[in-house]
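Both of the next two complexes hold subunit A, though its partner changes from subunit B to subunit C.
Entry: the complex of A and B
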């Protein structure tokens, strides 16, 4: 590549644009620059009107997801040098309503997330005062207590990968089912439901399964698997959903044959 | 937790939301505070307002762990002593005692809420060593501790129906009347609507201000907003001269490589492959990590050692400045993948280097503010109704240098304390009255004026911001002198002047990030002035504040906190407050012995 690179960036300002347009910008090419660095260059030196979200620049806050040459990417981890042909197209994440330029509305995800109860549910809580297994707080003395929920490394391993979701929305932007059927709970929400189902401290797996088996849940997934491919954190939502379907089928079968045995 | 639906103020053309307690900032401290309010009194209307979705907050980037005494061979007093000596005796010891006492229960609470703590084979919570700590007491979730804590808190928050959220709202000023904080004015980022949000108590949990420096681990959002909001409202900023440089950041990006690399046994090597820390009174090199020794020394001493090594010409040269090597190859792939997977991921993705096979280039990087909004042990500021917790606050437990893994615990302990105190205060207060709404109108006009300024004016945001960052880097970095600080103070005054003429390209009301950048720059300039003024006013060297023109610690005159208040001309005025000493009289900081 030459010393500069051209970015073709989606622009949309609802006050003045009936629909999104494309604006091209020429920015310096540097081999250690990511797409986000190029956007920041534009914002700071060329055109202060370009809007996008970003924050940590280390792939963990989940803010800077965009479509780069048609693929859902974290722009902070996508190097300019990866692209051989110009212009590099930068667009807002697919399937979400666009608020402005590269900024999309993710309210839908937050509404759905809450529906699957992504928190630990227990009938009865251990009192904190009993302390972690090796300490009684307040005493300064380390003594055996019973306040902690023990969880072996093997038990942790069962849900760990699903807990790595950074809510970056790349999986939704890659999911053709979500594109066609916006009611679909979607990959990240279902993976996060599994994260709690598989946690040995939780007791609401059956309740979540029933919720996720409704019309907008697991059965909508046609196992395209794009969600797992684009996930920057190696979460496997497609796998989570397949596991879930199996559990759902078993649950349905049991409730049919053994209606007294599933609660 | 639904969309916010406060009561509108019918007599007022400006929409008004009203809450009992308003938490500004949705990171670890803010979410913990909001839950504490909800649990203290479920009838209280509590809301979290944040310029980003809460799970984007910078707590997410914390890696190494969170300290709380748990092992049989450890004690609360040992944690307190490590914290106090690590802070070079500037910590308030009553606050430290409360902190270490409440830390284990707070950490356990997070365990109950589902935080995926790394575990011992028997299922009990595992702990790792950390810099400056004499016992293993740092709880961790691999090397993504902050990420897991934040998501656990955020997801747990969703179950409290009483907690409302204003996501992507930017607070521009505090509303204050009759000596009491009664809410905020904020811009709804998606629509540009400027609105008053009244509250009987406000808790600032907005994080630090690392972005005033050019080279920082801090996310783009860390622009000192809450510090500046408090300062402008008359609440002083404490100990702002104490800025932590983390010894191991990746050159160019400033991405943090966690201290856990060293607690697991990583080495810092100069250009000759020599573990240079042995030359700086930090102990003898041993093959295995030794607590409070060498690479497990405190961050201030390690960052200072880098500069000395650089002066001796023993660092390496790179396109983004001098660096040294962090070597973790000898830990082996299995341990790295189990305990430091994020370090490997960051190195592979961002510098195309595999730390299993190659050494990691690192250099000190601005990381954390020990200073912040002056609060008491309950998170209360001197302005009635205003509370603060987390990095934006200064209680102070961190003194002149924070120990790694104390800040994540701090935001739980003091987030919860501030939440409880604000809830109690709010229960005794009346609804805010009309005068605060008049002030909200003034603020609305101020924002509109910025948006209306003609484009193409003499000053743009980015050059001013870069000049501020360069000024801070050169004057208020690892080593400082009175002369350079004096010059920096003058330059910041000029930048303030030029900032008044800044103009925007963007007039849109929809998601106008340029307007936010301008408001953030205004906040940062105020905070930067307090850092420089406080550093200039302290002619001694203590912890992270090293004055080469005054190299000794001066307990006779400066065993005290600085308090920066905004004077009538807008410049900071510095006063002092004695340090609270309970059981640990000032002594020498000894490492490697």
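Entry: the complex of A and C
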């Protein structure tokens, strides 16, 4: 077994480079090292000018997403031992503008995220003074709007999967639609819209559907399906979007047949 | 200072680099190539639909026209075209059924029906419809 491994890392220094270049680094090979460990080694021992984002190094914060051998990965969860051929290519996330080296600009994602109101929207908040909610006898269904908004495990189950998103944006880097149509709201934003649509406490599903049915929303998705494959949290944004399309189509038919019943 | 489109590096205004997406992006990885292939299968579906319309027109035009149509279908060109189109439609159908569970979430007593069950249901429905079609054709 080789005791070193070669990494081919994208460098882009805006003050001197017209476009990104590739720099190779040799780092010690350890079976228990992930790509992020190798980058940290480079930063500490070899070349302190290398820039990249990371924080938790345990797959929770979602900041160390990069392209490893062309595939969108959390570098904290991608072992060097997984790659047989050298050098291992480490590039910034695809389709995002590169600020420096492996650091990309994520403003676009954050701007789009706000557009779908990823929070619980209530028509009217009930005052806490009204006390905790009660369960409707026999049904296990919470009577909402009585101070506290309780949920049953079944109601939680409906959106829990989508709530696992850590905003790492690997799904954007894997989505050719986003690459070709930068206006597309994108996988994570639409999955997070579904996370709140399916929440029993939320009341803005119709509003979100109208927003997400616009030209930059669900219908842009051509179901490439790669977003779900690269997702480190099994959120399945591709599934979320297809289900959203189905819901949108049903809603459209309903509004056609019963114009008074959908508002 | 007026806003300028020409990006230049300052400590607070980094010069970004945006990569252009190549026209050949779908050839960079087998997974994307498979997706584009799946999209292209719609051409084969359209081809068969056109063929069906042509056939109906031939039937409406009388027995001689229909015989001419059948003869034309036996030419090597159409045999080849039909063979290729059939493979594409098969790929279309299989990928469609395999992806069906993504769009369909069916819950029975609160629990989500597993993906394989939805796929099996789709394939079963396909078999039943095909069997009925064969039965109708054989009878006539």
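By definition in this document, the second predicted complex is superposed on the first by the 244 of 263 C-alpha atoms of A that agree within 3 Å, B and C clash if a C-alpha of one lies under 4 Å from a C-alpha of the other, contacts with A are read in each partner's own complex, and residues count from 1 in each chain.
The rule is simple: contacts are C-beta pairs under 8 Å (C-beta built on N, C-alpha and C of every residue); 3 or more make two chains touch, one makes a residue touch a chain.
Predicted model, so just to flag it, every value in this text is computed and none were measured.
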>> Taking the superposition on A as described, I'd like to know which of subunit B and subunit C A:19 touches: first, second, both or neither.
In response: second
>> So in the superposed three-chain picture, is A:57 touching just subunit B, just subunit C, both, or none of them (first/second/both/neither)?
In response: first
> Of the partners subunit B and subunit C, which touch A:238 in the superposed model: first, second, both, neither?
Replying inline: second
> Quick one: subunit B or subunit C, who's touching more of subunit A?
Replying inline: B
>> Between subunit B and subunit C, whom does A:223 touch in the aligned arrangement: first, second, both, or neither?
In response: second
> Where does A:201 make contact in the superposed view: on subunit B (first), on subunit C (second), on both, or on neither?
Replying inline: first
>> In the overlaid three-chain picture, which partner chain does A:87 touch, first (subunit B) or second (subunit C), both, or neither?
In response: neither
> Where on subunit A do the contacts with subunit B and the contacts with subunit C coincide?
Replying inline: 14-15, 99-100, 105
>> Can you tell me which positions in subunit A touch subunit B when the two form their complex?
In response: 13-15, 32, 43-45, 47-49, 51-63, 77, 99-101, 103, 105-106, 110, 113-114, 117-120, 125-126, 128-129, 131-135, 137-138, 140-142, 147-153, 155-156, 159-160, 163-167, 192, 196, 199, 201-202
> Hey, which residues of subunit C end up touching subunit A in the complex?
Replying inline: 9, 14-19, 21, 25-26, 28-29, 31-32, 35, 39, 99, 101-105, 110
> Given the complex with subunit C, which residues does subunit A contribute to the contact?
Replying inline: 12, 14-15, 19-20, 70, 94-95, 97-100, 105, 154, 157, 176, 179-180, 222-226, 228-229, 236, 238-239, 242-243, 245-246
> Which residues, counting only subunit B, touch subunit A once they are in their complex?
Replying inline: 1, 52-53, 55-58, 60-61, 69-77, 101-102, 104-105, 107-109, 111-114, 116-119, 121-125, 144, 147-148, 151, 155-156, 158-159, 167, 190, 219-221, 252-253, 255-256, 342, 345-346, 349-350, 460-462, 504-506, 508-514
